[in-house]
């Protein structure tokens, strides 16, 4: 009770003064010359010769480097991925949605009464403005037609722009998240690097057998032991 | 003329930097001494309990996330246990171990937030808070690996968890278990022996065990008054019987005891996570749709299940009328009930102790108002 | 510096100006204005740098990066803030006392700038030489309390009044130990002029008078409302304290005044205890700057680490701790000064040794004593108060 605890605290903060920074600057950060050289994968003299302006800006710590936030592939992102050829318009997703924001309109389709050709979809829209990204719709989909997306910067000025209608869902980039889609994880697919425009590549989520579970059980700790 | 003094009433909140949300207090002071506190809440009421009555049992999981948003895994766990009891579902062992890991990590995260903001309320300008948040960030990243979200997890399902943990998770968990004790030591070095914190929290807002039991206060606050009451031991759920851990008890019942108890509980939670990781075996994480359908239809009846949440006893009462949605869903939120003795703790203390005591109770407005 | 500027200006302008009534006086005032302009701008630039430095350092202490966007390493962040504050809407509460409300920020700012007029920034570089400049500094610093109570009262805000009362209580309490801590220096140097004190410090007074330096540092932290004594604007309790109802540039002036006060305090501490601009090899103004920056770093470091005291603890510390320490310091120093009067051999060394042996142990003794007088929780009986009731909602058994 004389003040040693206070001094101990001062030493802790002093040590952290020279420690690393744990916050991440997003979407870009200011970089110094060394960081910029590392980013461009060039030597500092090379940067001086090639990009004179950036060299001086980097010395002033004024040059921008884009920062991509590392997300895991299970991240439940903002845009949905929907494969229209797989969808049978069963409306399981719409029934499962706790907020009722998925809207489906159908009319009786072709002659073939097999599943998937019975109905044709007139309207399929998801109001992401009200979505809370619980992923229950994806869990409900029996044909793996609907997936969560991975993107997150989707702010707009008009609220109606947040509604993903059928055309948008078909035409937009398809980077499905591996939320409730274990086939992506077993094939080590990275939604941040490649997109899957074709539904055949996306694979199906089958009920795993006991052998599968044991073979695919991904605990590296047990492997090493 | 004699010096005349009169009490002054100040309205603190709902917009106040340290009311931990939208809490409001009408406080009457005599000089700096508090003579009356009138807590007013309801500013964050969203009607979760009513909303649940028109949602299926699986959909309600998403509502539990949003109650106590710093410990959503624990909310999920309590709710899922209630549903499992109501529908008589036998959960898969791997799923149970996974949800124990998740909920203990969440308890660590929640206690870190409590400690960080307690010290913030004491006036340390953000430093212990950022150190606590730095550790919490690692936990949230692990949650993102598990379930793709950091706060609103929705990870648990009736019968287990929705998906097995990815391989990366185990490596990250290993490194977290290895590095975390060092970080918590650092935090303790900064706070635990600090004389200013001693003098400001020791002997302030003392709660006796009798008062605490009478007001049905639970959680770290009850244990800080010397009562050995932890539902993980007393009314064991999941596989808490199979892991070894201690329950820290303090006698003092003051703000400092509440702080220190949380730090010790963090260490115990880490022990549990370690043992869960050792005990976990390969297998299914949730029953298949054939066994437990996605659309649950429990027999009519009711059940009450309580778990040891990060803030106290977190109870879920479910009434089923045999339909797909609960007939009534009630939450016994520990935050709300722990607030009931706020006035007793505060009257007679000074203005400076007000928010420190408030922070040491560790409430979450999302859970108070639901 | 004032006389130097005046003489040079007069010499230069003598040829052009008619030899008329009051011309000398006009030039004198004009040269004073020039010096004021230079000092105020220097301090303002210092404040901008200090705000940036504080935010940057606090960030690094907390393992964040701090402001790093605007300008190289975020250096222009405080300039951007200043521009933003100037263009913000200026809101005056309806029930406010308009004149006092507007006057208060100036009352805080002006005395801070006045302090700089007597501080020697380098050897021979000072605005004016007053022979009682120590007393002048003490007198001027206490005006800030008036500003705070003006601001609080005029804005008709209860939280602000709380803050102002705390501020005044602290100011009154800490003026005494701060004033008394300087008596030791007066006894040794036998002068009240800051210049004499600076030129006397072959050994800095922090070594000769460690307890006085300790008390002065803590006291000045309390007077400028910095952690751990930042009760006036305790963010977790009083939101922003007396500045609650201020917005726009008036709030900016308060902000400016506080940071300028931090620089002023650091300068005074440097001048009185760290030897001011004295130092080997480097030019004296560099030494002065380095010492001021060191003191400011210490203040920021403390802010990053320690929580704040409660009001009763703050007052206890002043009256039961620091006050006694200064008294002991005065007694020991005066005895020592009588034994080794001015001019005797190795005087300062003996005084130093005596101070360290007889005064420093008292810091620990006082710390022990303070511990026993901890604040105790009382069950407050509030039958005399009409508002509410303090009885617990849950009736206890047997009551």
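Going in written order, the chains are labelled A, B and C, and every chain counts its residues from 1.
The working rule: a residue touches a chain if its C-beta (ideal position, glycine included) is under 8 Å from a C-beta of that chain, and two chains touch if they have at least 3 such contacts.
Predicted model only: the values in this text are computed from it and were never measured.
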Chain separated most widely from subunit A, comparing mean CA positions: C
Pair sharing more residue contacts (C-beta pairs) when A-B is set against A-C: A-B
Chain occupying the middle, per Cα centroid: B
CA centroid of subunit B to CA centroid of subunit C, Å: 43
Cα-centroid distance, subunit A relative to subunit B, in whole angstrom: 29
Between subunit A and subunit C, centroid-to-centroid distance (C-alpha), Å: 52
Sequence positions of subunit A contacting 2 or more other chains: 1-3, 6, 9, 12-13, 16, 22
Junction residues of subunit C - those touching two or more other chains: 61-64, 304-306, 371
Subunit B, residues touching no fewer than two other chains: 127, 131, 134, 190, 194, 196
Touching residues (chain side subunit A, partner subunit C) in the complex: 1-3, 6, 9-10, 12-14, 16-17, 19-23, 25, 29-30, 60-62
Interfacial residue positions of subunit A with respect to subunit B in the complex: 1-6, 8-9, 12-13, 16, 22, 71-72, 74-76, 96, 98, 132-136, 139-140, 148, 177, 179-180, 182, 185, 207-208, 213-214, 217-221
Residues of subunit B defined as touching subunit C within the complex: 7-10, 16-18, 28-30, 32-36, 38, 119-127, 130-131, 134, 190, 194, 196-197, 199-200, 202-206, 210-211, 214-215, 340-341, 343-344, 347-355
Subunit B-touching residues of subunit C, taken from the complex the two chains share: 58, 61-64, 158-159, 161-162, 227-228, 230-231, 234-237, 239, 303-313, 371, 374-380, 382, 385, 387-390, 392-394, 396-397
Touching residues on subunit B, where the partner in the complex is subunit A: 55-56, 58-59, 61-63, 65, 127, 131, 134, 137, 141, 144-149, 152, 154, 162-164, 166-168, 170-171, 174, 186, 189-196, 198, 277, 280, 282-284, 288, 294
